[in-house]
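What follows is a pair of complexes built around chain A, which joins chain B in one and chain C in the other.
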Partner chain A sequence: MPVTVETPLEKWTGKVREVTLGATRDQKGTRSKTVTVGGETTLPFLHFEGSIPHPPVIAIEIQDSYPSDWSPVLLNAWGDTLKDPAEWAKKAEALGADLIMLRLRGVNGDGSETTGAQAAAVTKAVLQATGLPLIVRGPGQAEKDNELLVAVAEAAAGERLALGLCEDKNYRTIVAAALAHGHLVINSTPIDVNLAKQLNILVSDMQMEPDRILMDPTTGALGYGLEYTYSVMERLRIAALTGDSMTQMPMICFTGEESWRQKESKVGEGVPAAWGDWTRRGILWEAVTAVALLEAGADIVTLRHPDSVPIVRKAIEQLMAH
Partner chain B sequence: MLIIGENIHIIAPKIKEAVNNRDTAYIQKVALAQWNAGAQVIDLNIGPQKKTGVEVMEWIVDAVQTAIPDVVLSLDTTNAAAIEAGLKKCKNKPFINSTSAEEERLAAMAPLAAKYGAKIIALTMTKSGIPVAAEDRFSIATDILLPKLTEAGVPVENIYFDPLVLTVAGSQEYVPNAVEAVRLMKLWDPPLNTVVGLSNVSNQVSHENRSLINRTYLVMLMAAGLDAAIADPLDRELMRFMRIVETRDDSTPVGRLLLHLYDTTQAMEPFDPSVVDMNDPEQVAIYKTVRILKNEIIFADSYLKM
Partner chain C sequence: MSENTFTVTFQPSGVVAQARAGEILSDVALAAGVPISLPCGGQGRCGRCKVVITRGEAERKTTVRLTATELEQGYALACQTRVQGDLEVFVPPIEEVIVRRLPTERGAERAYELPAACDWAAKPTLRKVHLQIEPPSLLDNTTDFERVSRELARQYDIRNLTVALPTLRRLARALRDADWDVTLTLEMSTWTSPDGPPRLLDVAPGDQTQTLYGIAVDIGTTSNVVYLVDMVAGRVVDTASAYNLQISCGEDVISRIIYAKKPGGLEHLQRLVVQTINGLIEELCARNNIAGTEIHKMTVAGNTTMTHLFLGLDPEAIRLEPYIPTITHPSPVRAHELGIHINPDATVDCLPGVGAYVGGDITAGVLSSKLYTTDKLSLFIDVGTNGEIVLGNADWLISCACSAGPAFEGAGVQSGMRATVGAIEEVWISAKTYEPTYRTIGDAPPEGICGSGMISLLAEMFISGVMDKAGKLNRTLNTPRIRMGEHGPEYVVAWASETRGKKNDIVITEVDIANLIRAKAAIYAGFSVLTRSVGIELADVEQVLIGGAFGKYIDVEKAIQIGLLPDMPWDRFHYLGNTSALGAYAALLCADMRQAVVEIANKMTYLELSADNTFMDQFTSALFLPHTDTASFPSVMRLLQSVGRRSQETQ
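Now for the complex of A and B:
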């Protein structure tokens, strides 16, 4: 006798906020398209329980000067492109990126410190080279971040860049610059749900609209704390879906940066032969880290290797098919 | 509700200085202030004091007993020799604070509790740490601590089981578990005595929110049957909440709200938000804190602003 089994469904009351990066000409920007993330009313890819209006997106990371500290695998893959941020951005767009993430190193190729004017100039060059929306990150030192990001915010006024990283000890200047020039911000906290929520509250207190905030829960790479990130993201997302407004920001994970820092990706000599081909290993390390974090709720993943992009793209397409 | 005054604690810089200088007057002042505020037991946390434990304990017990002849003390150190030195000096039967289910600690502390007829605080943790589930903490109490302590000659009524309170800032999902562990312990035959280190629930929380979190949690723990709390008796708001619950004082709106929290927690029923007057900031703050303590909303330092 046939038995009818009803799939038990979770009824969520909350929704992840929709955040739009980039502004087109008629929106006072110059982007050829905008990218919207978020809007989920269910846990990642559970299409039968709610809606996922926007697929997660891929940002390709570029840097403002030659990344000599990167893994040789990456340096070989990109070649001379790495010397010209505008060329790099163009190639990234051609490879199928949804977004470009420009990372300001803080130090130029000749060893001098990057000035605000230089950061503004490279941002403009990248904006001219690509029509994709842009994320701009500072070097990660509070004073330098503030100096460079304020200059970038002003030079790219109206472009709806995502600026980061805002941290609990340094967010006011970046938020103020984003507010003044029509940009978004990225809030970053060290793998901790309480601190993530607190920073969202603090930034919102500065009158930054919640739909102009992305959050970075801090990414661990495969084998290097991925599971901590995963569980923090899961808790934040469950809170968002149960209606906690200060956890409803879409999440961004800097997967390329984390996975290419690890020995498995960075080092090719003096490692066990059983680890296999170095290039293949590095690409898979990055792709697997990214896909795992997509499954945990990431709305944006950033990648470094050109060949990781199609792997992650295919995974997104398959996870979105229903 | 037995309040064990927590303020003589070696972590506090002024206490550390007073202990190092053998500043009898200062220790007596802190002990008396707690006693007068309603503490029935005064905890003396002197730290491990590996070298001078015996001397420090003898001095501090004498100091407090001179100032408060009727005092009941709680001797708080991992140094067994110092504990025994204190036990010899105490006029009233004191508490030993504490043992856990770790073999060495039990072997050191259980015979002392038996020999001197002292009460003993027994932490439901093993070598591998604090288990997450309420049932597992309860099992440590009934499967390890209770048999080992009674076997050593400590009567069950002298044992106070501590299910271990964790902080909302970092371990929020486990905060409700200590309430449930107390509930399980009170269902045992005979009901077990229970105690918690209350202020742990607000460790790493900004100062202005600590008391509200502590005292709201206390109401929930009392509803589960808690017998004693190591807490700050100088926190007048904490003592007010305790008194409201103990006397079932429903003469104020906040009193009625706290009794609703107490009754629903006791009956394991959901807290009804419609009893909260959303125009009264104190009631709203209590309600938000309840939601934090029940792990319904993620804690953040600014949670009251939301």
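Now for the complex of A and C:
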């Protein structure tokens, strides 16, 4: 006897917020296009259940000075481009990035500390070199972050940059700068649903509109706690879909940074032969991490290797096809 | 003298003690009988056992909580200092508060209400009967005891009399001295033998049936309370309370358990609590003109660790996973076995606990709060050094304990103090100027902040915007009261010039705030886990019964604002005072009530939070003001909105 099977559908009441990065000339910015993420009304890629109006996007990470601490695989792939952030941004755009993420190292190539003016200058140079919306991250040390990001926010007023990272111990200055100059912020919390929600509340309490906030749930690379990351992201997304407004921010995952930090990507010698070709291994490590996090609900993944980009792009296309 | 032994001279007492090389200074002091306060049990965490090494050599294992200036002046932590040579040590005076008696509630219009089911006259635990006995003769040569038994059966229908040796030894003389006209004091039942047989406790001359006394004792970690009960009239005659002298050996149960491991530590702790109780008994006897031997029963309610220490049982396994007490329901013991100064043969009865962290104080609380007879879904909380929570009604009971820590009792907080004169107990902060006003106990110049003051301060700092919902001070505000201190960012509650000592500002630091938020989060997470474990919503709770000494001073409004108590209409909260002592009082008086406590203990399910995988999640969720789930605190959200609007209007 034929059996009719009805696909069980979850009726979610909530929706991920739509967040737009970048501003065009009409919107008092200089970007050639804007990028909108979020808006999902279902869990990742369950097209049969709800709508996913915007595909996840890829940001390519660039740095303001030569990243000598990076894996040789990355240094070889990019070559001299790494010495010029503007050139680097151009090449990233050509490679098909949706966004550029500029990471301020805090220390210049000559070992001196980056000043606010220098951070502002490099941001402007990158903005001129590319028409893509920009994410700007500080070096990750509270006082330096505040100093540099305030300068960047001012210099790029109106561009709807995403500035980060805001943490529970240091968010006021960055949020205030973003508010004053029309930017977005990225809230970062250590792999915990409650903490993520708490920071979103704290930042919202400063009158930052919820649709100007992205959240970084803190992610691990493949083999380094990815499953824990996955479960926390899934819980965050379920909370958002069940209507908890303070978890409805789109998620950004710094995939490239995480995966290229691991031994498998960073070390080429003295590892088992069975690990295979170093370059291929590093690229796959990054791509697999990124795709796993997309499946967990990431709206933006940041990548470092040029060859990871098409792999992740293809995966996104396939996941979005329905 | 052997080369490995040194002489330690303690000043100002002048006590001289011998110490082995490497011996811990506080142990040397303990052995020599020099009182040194060890609030953390000697773990080197609290910094309260400060002494000054005025001469000689000593190794400081750690110097936490000592400032650079203090180190220069020779300060050391007694529990962290090893003797390395002959020493002279100056011991600063111990906090006066430790030896101070708590103000008694005498004379206050207080109702010591008994549960309705307490028909103590019908089922008394103690009874006195007057007997006029025919003296023996050659014709009737029955023994003294048989003679008493026979008359008791004949005149009062009381049969199967038993007697313990000490009373038996006194019997012949007592009967003859009284010319065979005596009053017998009888213990009619204990929980182990609810239907008797009766036991003869005392023989007194003439008719003394008008007076019969018992005591109900609450052994709290912080304070001990004794009710003197008139067992004839069934009422509390007088009460007395004092700080548990064990405080000098640790402020919370864990510190005491650690202290008990020291050589002689357990015996010392047992002596201290008995000393505290005997002091209170003495005070009550003197004030009411009775002799200690006229007290014929003692019922004790205490948490599991306090009960262990009172009985001299090794508490070590309570602290370690899987948290196993020696016993939760000890059999009755005799007063002389414990050194309690009442009638030596009187029963000392400890009320039963449920688990390592839910003890007889809580079963007593369930009894006196009448939770066990109500149809209403009720939450009973006893917030002290530990927070114990019971959820249920007449049909079922479930309990848990959360380790709130002593922050709300003033410990572990820089400017914290107990609720005594000079403690800031209420604070208001302007949302415009961020200036505080405060009220102190006794309207004295401030010396520190007590638990209720902490709750009030936390709520005001949060509502006024001095700090954010995560407990971080807003350092962008334009006020000199928010500044960087030695221990990070801090808020000045009172300038030095306003204080009694005129030396130090009274501040609350971000570290203090984090401690307090952790304490309130532990308690609220307990509520959440307990209600979830039985599949109900916290909002469904129809009444919240607040027991414990601290409960009396909690301002419900402020406690809700910081998310310590659930956000529900204030009329659902009821203060019950010392529910532990009240429960002990009912169980002392009435055999049925004593059986009810047994049933409560048997019926109560104990949820071990450390074995519950949702606790951490609920705890993190509660580590926020008022809570990460803001929807659970609608009244606080409305208040914040209105304060926000007002401050915007004035800008």
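Simple rule for what comes next: the second predicted complex is superposed on the first by the 321 of 322 C-alpha atoms of A that agree within 3 Å, B and C clash if a C-alpha of one lies under 4 Å from a C-alpha of the other, contacts with A are read in each partner's own complex, and residues count from 1 in each chain.
Rule of thumb we're sticking to: a residue touches a chain if its C-beta (ideal position, glycine included) is under 8 Å from a C-beta of that chain, and two chains touch if they have at least 3 such contacts.
Note that the coordinates shown come from a computational prediction; the quantities given were computed from them, not determined experimentally.
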Joint occupancy of chain A by chain B and chain C, clash or fit: clash
In the superposed arrangement, which partner chain does A:316 touch: chain B (first), chain C (second), both, or neither? neither
Which of chain B and chain C A:239 touches, first, second, both or neither: first
Would you sort A:73 into first (chain B), second (chain C), both or neither based on which partner it touches? neither
Between chain B (first) and chain C (second), which, if any, makes contact with A:172: first, second, both or neither? second
Using the touch definition from the top, say if A:253 reaches chain B (first), chain C (second), both or neither. neither
Check the residue A:197 against both partner chains and state whether it touches chain B (first), chain C (second), both, or neither. both
Going by the clash criterion at the top, which of the stretches 148-156, 184-192 or 292-300 from chain B hits chain C after superposition? 292-300
Pick out the shared contact residues on chain A: the ones touching chain B in one complex and chain C in the other. 192-195, 197-198, 201-202, 205, 246
Hey, which residues of chain A end up touching chain B in the complex? 192-195, 197-198, 201-202, 205, 235-236, 239, 242, 244-247
Contact footprint of chain A on chain C as seen in their complex: 468-470, 472, 474-476, 617, 620-621, 623-624, 628, 630
Interface with chain A, chain B side, in the complex: residues 168-170, 172-173, 296-302, 305-306
In the complex with chain C, residue positions of chain A that touch it: 168-169, 172-173, 176, 192-195, 197-199, 201-202, 205, 246
